[in-house]
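Presented below are the structures under discussion, each in the form of structure tokens.
Same chain, two partners: chain A is paired with chain B first, then with chain C.
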Partner chain A sequence: MKILTVIRQVPDAEARVRIEDGEVALSGAAWVLDGMDEYGVEQALRIRDDGLDAEIVAVALGPERTEEALRTALAMGADRARLLVADEALDPLAVAMRLADVVREEEADLVFVGGKQADWDSAALGPALAEALGWPLSDWTTALTLEDGGIRTEHDADAGSETLTLPLPAVVSTQQGLNEPRYPTLPNIMKAKRKETRSEPADAPASRSRTVGRTLEQRDRLGRVLEGDPAEAAGEVARFLLEAGR
Partner chain B sequence: MSAPVLVWIESSADAPTRASLQAVGAARALAERAGAQVEAVAAGAEAAQAAAAYVPVVHQVDLPQDNQETRTRALVAALEASGARALLLAGTRTSQAVAPRVALRVGGALLEDVTALEADADGVRGWRLTQLQRVSEEIVAEATPIVATVKIGSYEPAEPNGNGEVRPLEVAFEPEDARVAVQAGGRPAGAKLALEEAEVVVAAGRGVGSADAVAELVEPLAARLGGAIGATRAVVDAGWRPYEEQIGQTGKTVAPEVYVALGISGAVQHLSGMSRSRRIVAINRDADAPIFKHCDVGVVGDVHEIVPALLAALGTATTDPAGAAVQVRRAELADLDGVAALEAHFPSDRLSRRQLRHLLTRAHAQAWVAEEGGRIVGDAIVLFRRGFDAARLYSLVVAPETRGHGVGAALLRAAERGASERGCVSVRLEVREDNDAARRLYLRHGYDVVGRVDVYYRDGADALRMSKRLRGDAPRLAGVPFVAQTLPFTCGPACLMMAMRAFGDAPWSDRAEELALWRDATTVYLAAGHGGCSPHGLAVAALRRGHRVEVLARDPAVPFLDSVRDPVKKAVIELAHDEFSAELKRAGVPVRVGPFGLPAIEEALAAGAVPILLVSGYRLYAEKVPHWVVVTGTDDEHVYVHDPFVPEGAERADGVHLPLARSAFERVATFGKARHRYVVVIGPPRETRHRDDAQVPAR
Partner chain C sequence: MNFELPDDLKDLRRHVRDFARERIETVAAGLDAEPTFPRATLAEMGRMGLMGVSTPESYGGAGLGTLAFTVAIEEISAADASHGTLMAVTNGLPQKMLVAYGSEAQKEAYLPKLASGAWFGAFCLSEAQAGSDAAAIRTRASAVPDGYRLRGAKAWVTGGGEADLYLVLAVTDPEAGARGISAFLVPGDAPGLSFGTPERKMGQHAAVTTTVTLDDVFVSDGDRLGGEGEGFVMAMASLDGGRIGIAAQSVGIARAAFEASRDYADEREAFGRSIRAFQGVGFPLAEMATRLEAARLLTQKAAWAMDRGFRVTQEASMAKLFASETAGFVTDAALQVFGGAGYTRDHPVERYLRDARVTRIYEGTSEIQRMVIVRQIYRDRERRGRT
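Showing the complex of A and B:
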């Protein structure tokens, strides 16, 4: 079995956001493997830990620095990595079409992709990749087991959750709750340096949308903070809520 | 006219969801700029019909199974059929997965989770939030059609504006659309409001302390505010709340009217899921918590102290934005003018002064008024039914200028309190399906949609039937179809029809069936007028129609004999009874004579039979007649019955699963001074009947 896990590199959530010349400037931001993608790497490793003969390939599309995120996936336990180098931002549809080529080339059976991309706040890649491949998708997946020729998953719907069965090959988008991703150990970080990382130009199809401007999102709040007598403060909040029509 | 703007309608109970109506709002704004028309796509006839109130054209698709792949295929077909150059969807999880698929399949551009959309000569552009909702990016679409998901809470929900045309759209589905199968075993969505749809969200952070504290503090506050419960990742990780309630980067994104953050510090990941809420209230012990930089009103304090104080403060008064007190009180006859003036705000089915006067003074109605500065700004009228613990919210109106001030909620709470104090366990109501504000008020207050009535109002509008359990869990009740009696003396036949239909007997002609059963079962005479049906007579009628049946009688007397004095009538009643008894005996129908009570009825219910019970008409309707009802279930407090008699001014739904207090059973389930008690237990058709039927030669 071959499992592909899609990796994205995002700025650490704690980074302060500024806008400079219409671009997002992240002062002193550390670039990390997107937390949502870690669940996919971990799930692939667990499938192998359970005794299945599986090769795990981490794939990313992004600028050169993305290799660091791939190294993290390798240190967690992925077997090898592929980086499609693209300096410009691409929309999820273009990324999906290019990744679909890699999936077909690798003849993968199962593809993991994070449910939502932290920096671009986009949930489109999983569904777009399934569409580009013509494969079934389990999105927002919180549990997964293999069963004869397919998988059984739990996934969160808009309200409540559902149990799904789908045949392989398939795309699974992951989220918190699926598992507890492991931390890379020092020996594994050392070992990861020797694992194969193939780098090639992305040469992706054109994006069908383009970002032309960025502004900081600000919302004016009343910012009335009350301290002191609990009953008095509660009375104030009650009035505020009642004025809001509650 | 240029190409239409298409919008996908997600429905709940066949009504468009609030998120979908927001997408309609976005579509209207976009279409107006382009001089185009908005068209909708909806799945199923009912949902399409409901959507037609908002757009001139609805493409009705029928999904063989509802999943992302069938929705994708239907939307691609609708784009082709309509020639639309833009498709908008609500920013729900499901639609956010469908949108990229559609965009890819049609070679279009994806604008994901946009807060605004604009069209100009250069094309369509949208704004979306990135970097954990801290940056707004302006995106230009560079392909058509445009497929956009509209971020929940970014547009006002559209108001209905007409009655559009529904056009069925044939979609060629493929077998592969069914590859993903939904299995049993998921968590159901439940009757609760979806988190994203809620106008108020009360969210718990780690500072609340424990799962028990969430139940003690967060749940009551959410209930009081008519809101949904949310949680931070820490709370979900700790197992205090389920994943589906998680708000933030890895959970859901909400933008309610009011967000109450309890014990939440305000990490960026959480803020990204709620920062677009209209008003934010935060309570946290740590004065340095980042949440206080993002709130409208914050309280530095212990949630365990502040929340109970807040609940107490909320319980005492209702105010409107001008600060004038709104008081809710029982209505008096002196309020008649004010109440009558409010009727003008109903689009149809207004009550006359005479009707209102009657309702204000009736013992079995409770009217409430909301007063503001000496003026009546709203009223609620609740009807009760003698002998039963069920209430019906008959009417609720709020003056338009005070809407949104919480007057409706205050009236509703008063009405429920009044009903509870009278011992009622449930409230039911009808609401115009096109009255979104009222429907949402009831949903927020825990009412469930239990049915839909076509052309309910005199102007032809449809109604949703909703009900709420005021206390305790809803009992398990037998699924017995309701039949109303059409004549004063046919309660027995109507009950028998309900029982037989519960076993799948096909209805043939209501009136003819009712009369045929009556002819089989009647005692010919009763005190006055036509005869009623005796237990033995009903058993004979059931027997002749192939059903298993059993009679329980507390005493061996001839039923209803003591209700007449005329010796001729007595002789006839006796003769009829002897004939019934003989026929039952020949067929081996058990007639058990001896004392019995509720346990015998519960035993019959448990065995899957339908008990028909004789009750005192005097207790229920102040008329000294025997009356038959069908028992549909029991719980610790009540016996539930279908009463075939629909009093004037009431409707069929008023007769369904009526709760009769167990404590009243002894009094009500008897007839006459001698306290006769009868139950006819109807069972399924006897097997031989089917064989007999099979031997009937075809005509």
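Showing the complex of A and C:
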């Protein structure tokens, strides 16, 4: 079995963000492997830990620096990595089209991709990749088991959760709850540098979306102040929150 | 000349830092307030390979060098000094001496358990009247059929009562001084082994320290480590690596204090501006950063030289002396930057200061390091023929 895990590198959410000329300044940012993608790497490793003979290939499309995120996947235990080098940011459809070529070339049976990328908050790559491949998709997956040559997954739906059974090959988009990703071991960190990372120009199709402007999402505060008895006020707050949540 | 860490050690630093921030730093204040031996986090460190960094991979360790160890222990200690100490202890003499002097049977029996973190290894040398003067120990190992009976009391044992294996130094020949001391491997559940209540220490509360009493504890011949009379010499030969480890731990504590005060001085405003704009705050920050850099360079140089097989007695002592004194200076100066806030437990700097204080004491006091250094200075001079 061959498992492909898609890796994205995003700014470290715990590092400070600088704003310059109304834009997020990324020049001095610290970059990390997207936590959502880490679930995919971990799940692939667990499939292999459970005794299945699986090759795990980490694939990324991005600038040269993305290699560090791939090395994290290798340090966790992926067997080899591929980097499609593209300096400009591409939209998820363009990335999906290019990644679909790699998936076909590698003849992968299962593809993991993070449910949502932390920087743009976009959840499009998983569905777009499944569409480009013509494969079934389990999105927002919280549990996965191999079963009769296919997979059985739990995934979040608009209301509640569903159980899906999918034939392979398939695309699985991950989210929190699927697993608890491991920390790389010291020996594996040292070996990661010696594993194969194949780097090639992305030659991806052009993005069909373009950025026309950016604004900060702002919501006006309600400005409601509750006065009087604290216990009554607390009840009022609870009633308000319940209704707001409906 | 190359002052840059190799790429793989930069990766190691990044991953250990992530782990330390997420898993260790988050429990540090709680363990300081309510001390317990942190088994769960030590087990996680074991899974990562942090509890047997330099033990060969064939015995379950990570098989890395001293420089890698300094990088890892700086990160762990920046998150919590107690975890740094516990890491230094079990990685230190119990495994170092087993690797260097253990029989094949001893290595196979103990190293995989220690290196994986399944077992914690403690070291018992000091006694109430034998600290810096370590050869003055009185714990006696008397020969009996098939082994020895150990009798005496050890002091300042990190992990006492919690460890699974104790490396105990005891006198086999009272007439022979330092050359009459031997080393023994004593399992934590050996009959006759008992422990005092944990010392109430100024800092590093989770690095539980107790006395260890040996009341006719039987040790078989097979659990004597090295030859009879070789214990003290073996322990002294392993000290250099330990001192480099404590130097790196000191750098870690100092770095945590420096970064906390650097950030605070940026955010805190007084007289209408950020307090870092005042020389009274800015100059100490510059001094802290400079000494921290110097301490790390001394530490890494000693580690680098050790990994290349050089004798590093002088370099290790210089690194340990300077880094621990730096940790004292930096944690104190950092607290001053915080002002009154730093004196409260709402900020971690007072803990850094308490945790750092002992780095000038254990693994050889600053005074002992100076004795070692001056001895080395004249030894080198005599070797070179007084040039």
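Going forward, the second predicted complex is superposed on the first by the 204 of 246 C-alpha atoms of A that agree within 3 Å, B and C clash if a C-alpha of one lies under 4 Å from a C-alpha of the other, contacts with A are read in each partner's own complex, and residues count from 1 in each chain.
Rule of thumb we're sticking to: a residue touches a chain if its C-beta (ideal position, glycine included) is under 8 Å from a C-beta of that chain, and two chains touch if they have at least 3 such contacts.
Note that the structure is a prediction, hence the values are computed from the model and not measured.
A.B. asks: Per the contact definition in the header, classify A:Pro187: touching chain B only (first), chain C only (second), both, or neither.
C.D. replies: second
A.B. asks: Counting residues of chain A in contact, which comes out ahead: chain B or chain C?
C.D. replies: Between chain B and chain C, B touches the greater number of residues in chain A.
A.B. asks: If you stack the two complexes on chain A, which partner ends up touching A:Thr197: first (chain B), second (chain C), both, or neither?
C.D. replies: neither
A.B. asks: According to the stated criteria, A:Ala244 is in contact with first (chain B), second (chain C), both, or neither; which is it?
C.D. replies: Only chain B is touched by A:Ala244; chain C is not.
A.B. asks: Which bits of chain A are touching chain B when the two form their complex?
C.D. replies: The contact residues of chain A facing chain B are 11, 13-14, 17, 19, 24, 35-36, 91-93, 96-97, 115-116, 118-128, 130-132, 134, 136-140, 142, 152, 154, 156-167, 175-177, 206-217, 219, 221-227, 230-231, 233-246.
A.B. asks: Looking at the complex, which residues from chain A come into contact with chain C?
C.D. replies: 68, 71-72, 75, 182-187, 189-190, 192-193
A.B. asks: If we count contacts the way the header does, which residues on chain B are in touch with chain A in the complex?
C.D. replies: Against chain A, the touching part of chain B is residues 68-69, 72, 92-94, 96-101, 103-105, 107-113, 125, 128-143, 176, 179-190, 192, 194-196, 200, 225-226, 233, 236, 243-244, 246, 249-251, 257-258, 260, 268-269, 272, 275-276, 279-281, 283, 287, 292-302, 305-306, 309-310, 312-314, 317-321, 404-406, 409.
A.B. asks: What does chain C use to touch chain A in their complex?
C.D. replies: Per the touch definition, chain C meets chain A at residues 7-8, 11-12, 15, 18-19, 44, 47-50, 53, 57, 62-64, 68, 72.
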